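Below, each structure is written out as structure tokens.
Same chain, two partners: chain A is paired with chain B first, then with chain C.
Up next is the complex of A and B:
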């Protein structure tokens, strides 16, 4: 009896010591994330209830007035519309093209190793650098795209790629898809490789066509990977900033200003209160989309 | 046509398209970086003249500060990688091996943090850095970067550590090793590939970071490559495309080569971070 009690006491102490060690090991990470991310985000949340404009002191608590202002702020509504539309179109195209890339580099053929390397190149180039390159490709007078289009007589006049709200939208989508489809392709490739070859062999024996093998085996088994890739890319697209900063600066006329961009511009103008409100909404938007995916992707089942 | 032939056709035709899409902008960047007249497509009268001049100007001009931006990016990225790998290994070991209260909350917290938009952090960060006088210092980049990349690094390392059998730890502990000794002498060597992928991905994301650097640096003493390229101004007014593209090639090429050499580790890291979560 006594021995047993001493044993539990001892193992209790041991477990306490272990837990203390765990907190100790976690401390640097928690302090850094807490101090430099959680605290600023909490600060931003509080600040969104204040009127805080650098040039118009004093700082004043105004409750939900900033949030009320959002509803009638044309610029904000435009930025929400742009961000959501951009995310839907870009993520859809990335998924389709990424899947195409993945199917190509999953085939067994001579150039497979080389192709797998090539696919990674857009991913490896820093966003700002690829954005600058695309900016040059879109140049009205000496960009490659307008050169090819006029040489091949696809259009009588050069296209003003970044100058109108429609063309700027698609120009940003194209540049973004180019940069991010490889990421999708890498995830999808991992998914494809985990599908057992026997399934395809059996389907072949049964005389199933390649198309029906794709729709009946590949797509359903790829679904968990698809859901996760969609979540990752959607979260990223809703926060888009770098690419737009270089390509259009949010223009023309604010047509391509994402919510992140709008919040950032408000900070630069010195309106920290309202800028914080826009930032909080950006986060809520990300959260909302994630929850929708988790619900409809039946992600919970795979956890 | 047999299915096998169809597949081969798909692979070759598809490869052509994939290569065309992926390589065109990259090749264009290189082509313009060697052009004496970067607007050579504007009319037939402007020829394409090959020159190394853009590279020479970019690497030797004291006023363009390209080498300064480089130095800043590299110093920041290296410090961030080393600190992040150490901090994430310690934390990842605790989460994957030790039972303690609040573990679930911590894992969920990491997930939640990786959803925050940078814009919700940057305003306050700016004020904090201004208050302690760190604006335009390496500290203003290094500390926020570590915090920003930690969730992903932790995620990758936890998934690696989880795959290692617990017998490894137990055997060493029966021999009298402490937890920290186990981590340093058993886990880290076995998990080296995972740690290496984490280091690579951390390096790339810190080298690429833009919004924090844009707001927290003010001149060439700390400005990093992405900000330098985004705000690139020529010395003579016009957009100096030749120089911008030369700088871009100098910055992108090492990353591209590194990615190709360590392809396996990068792919492992990306899929571990995304899929095994």
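Up next is the complex of A and C:
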């Protein structure tokens, strides 16, 4: 009895020491995360409750007034609508195309290594450069698309790709899908390779068709990767900035202004309070999407 | 054996690097106590050639003022990003950069935020002569609520470029004075030229949703007697004159078809310039920088280009939007006297002449325009001076960025044909009113 107590006491000490050491070792990471992520995020949250405009001193606490203003701000609502719609369409296409690519390069064939490398190239190009390239492809006078269209007599007149809100929308989606479908493909490929081949062999023995192999084995086992990939891409798409900045500048007529662009312009203006409010709402939007994915991906279970 | 050699070489290189860093450090520490040097930070960006030239200016300044050291804080090329790199330190009351260049459109916001040191005291202390600058620019763009906040380093104004050879080929002997003339000439020449060149357009200008569109818009409306704000600062965006002018802008693309459909999607300064320079346009609206490029040796239109003030509507007067960059001082700067020395040096006749000679900039000082060397190098500058004297600044208000955003959006929608000009300007008027209510 006594011995045992002594032992627990000892082990308690030991545990404490261990815990202290653990915290000590974790400290740099905690300080880094706290200083670089937590502090700015809470700072932004606090600022959103203030009227903080550089040319209208002093800084004043105004509670939820910025948020109230946001609800009636047509430009903001338009940018939210555009951003969400863009995210839904772009991420859906990227997932489908990325999955298709992944299935192809998962098969064994000659030059598979080369194909895998080629697929990744668009992802490796900095967005600002690929955006400029797409801008040239869409060019009205010298662009490749209009060249092909007129050469193949598909349309008598060249098309003004970025000229209407619909065509500008799909032009942006196309450029984004081209760049990020490869990213999805690589993530999915990693997921596919972790699925044991024996499962497929067993399925074949049982006479399962290719379709049911895909829906019963591939998709369910790919779900964790799918969830992560969707979260990554959705967060990225909701913050889209550079592609639009180059391709349309938010035009025509403000139809393709994203939330990030709207926030950026407010910061440029020197309205840090209202700009922070836009950032906070973007954050909430991203959080919502992530929660939905986690719920549907049943992420907790599969881990 | 080989890997050992490699290791030794690497070690040697690292040792040398460490030593050299140490030595440089020593050199600096031993030098400073001799003379008490003041260091100012000067923030500037732009094309590589421009940055190179700023280095030359700084070197010259440092030789003439051995007790002041100027650190160049390099900014990006993009105007909006340049603005952001100033807004961040200034809004957190940093003492550096001490001196910086500003686009003329920012001065209102910067001055209202109380970031710019008023220069009036320095001017009166030194008996500094302000009459060398363009008076209208100084009064309308550089003064905020009576205080002198900046000085023009170089100025820009919108101009009409035209093809001399094509005008005379079709029997015209002068560039158009009114917009109606421009349409008539452009239609005739375009019809004739299209036979041999299907890509030919009558008139190219800046219409993409961006700041440049506001400049073009201002020129159209002011040349029809309109404006963005009236003299008391109230918005008059949806005035009859403005609606007329914007309808005309739209008609250039959709009715007269003398401006290409990509005007409202792609046309910024450079696409406009390259379209004209490759021989695909009769008229072009652009800033003075295009002149040098149009007449470069590899330009297909070299020697065939003329410049004129932009046309006006019947009963109106020609208008050019004032652009360009101005120099200002950080109000939190700890070395304001040294900063003022540097500003004076940048604005001196010799430096300003250097800008004109080396970079093709249009100096903020008027006296440079009559310098024989400058005239020999850039004969067109003499004509430009009259345009600069009357150049119209964009509204100098603290919320200009926001105002500009609204105008860009609605004028772009109007010329894209997605919104009727009257509706677009009505909406712009309402939004600008709301902005003023929010930020005044």
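Just so we're on the same page, the second predicted complex is superposed on the first by the 265 of 303 C-alpha atoms of A that agree within 3 Å, B and C clash if a C-alpha of one lies under 4 Å from a C-alpha of the other, contacts with A are read in each partner's own complex, and residues count from 1 in each chain.
Just so we're on the same page, contacts are C-beta pairs under 8 Å (C-beta built on N, C-alpha and C of every residue); 3 or more make two chains touch, one makes a residue touch a chain.
Everything quoted here is computed from the prediction, not taken from an experiment.
J.: Clash or fit: chain B and chain C on chain A?
T.: Aligned through their shared chain, the two binders clash on chain A.
J.: Check whether A:180 is in contact with chain B, with chain C, with both or with neither, and answer first, second, both or neither.
T.: neither
J.: Tell me which partner A:272 touches in the superposition: chain B (first), chain C (second), both or neither.
T.: both
J.: Quick one: is A:83 in contact with chain B, with chain C, with both, or with neither? Answer first, second, both or neither.
T.: neither
J.: So in the superposed three-chain picture, is A:141 touching just chain B, just chain C, both, or none of them (first/second/both/neither)?
T.: both
J.: Determine, under the contact definition given at the top, whether A:66 touches first (chain B), second (chain C), both, or neither.
T.: neither
J.: Go through the superposed model and pick first if A:287 touches only chain B, second if only chain C, both, or neither.
T.: A:287 sits against chain B, while chain C stays out of touch.
J.: Just chain B (first), just chain C (second), both, or neither: which does A:253 touch?
T.: second
J.: Scan A:218 for contacts with chain B and chain C and give back first, second, both or neither.
T.: Neither: A:218 stays clear of chain B and chain C.
J.: Which stretch of chain B would you flag for clashing with chain C, going by 2-10, 92-100, 146-154 or 218-226?
T.: Among 2-10, 92-100, 146-154 or 218-226, the clash with chain C belongs to 218-226.
J.: Both chain B and chain C touch chain A; at which residues?
T.: 141, 267, 272
J.: Mind listing the chain B positions that touch chain A in their complex?
T.: Contact set of chain B toward chain A: 3, 6-8, 10-12, 14-15, 17-19, 21-26, 28-29, 32, 38-42, 87-88, 90-91, 93-95, 98-101, 106, 109-110, 113-126, 128, 143-144, 146-148, 150-151, 154, 179, 204, 207-208, 210-211, 214-215, 225-227, 229-230, 232, 241, 244-245, 248, 251-252, 255-256, 258-260, 263, 266-267, 270-271, 274-275, 277.
J.: Looking at the complex, which residues from chain A come into contact with chain B?
T.: Where chain A meets chain B, its residues are 15, 18-19, 21-23, 25-26, 28-30, 32-33, 35-41, 43-44, 47, 97, 100-101, 103-105, 107-109, 111-112, 115-134, 136-137, 141-144, 147, 178, 182-183, 186-187, 189-191, 204, 209-210, 225, 228-229, 232, 235, 238-239, 241-242, 245-246, 259-260, 263-264, 267, 272, 275-276, 278-280, 282-283, 286-287, 290.
J.: Under the stated contact criterion, what part of chain C meets chain A in this complex?
T.: 80, 83-84, 87, 90-91, 109, 112-115, 199, 208-210, 260-262, 264-266, 275, 280, 398-399, 401-402, 405, 408-410, 412-414, 416, 418-419, 424, 431, 438-439
J.: Okay, in this complex, where on chain A does chain C touch?
T.: Listed in rising order, the residues are 53-57, 69, 75, 135, 139-141, 160-165, 168, 248-255, 257, 265, 267-272.
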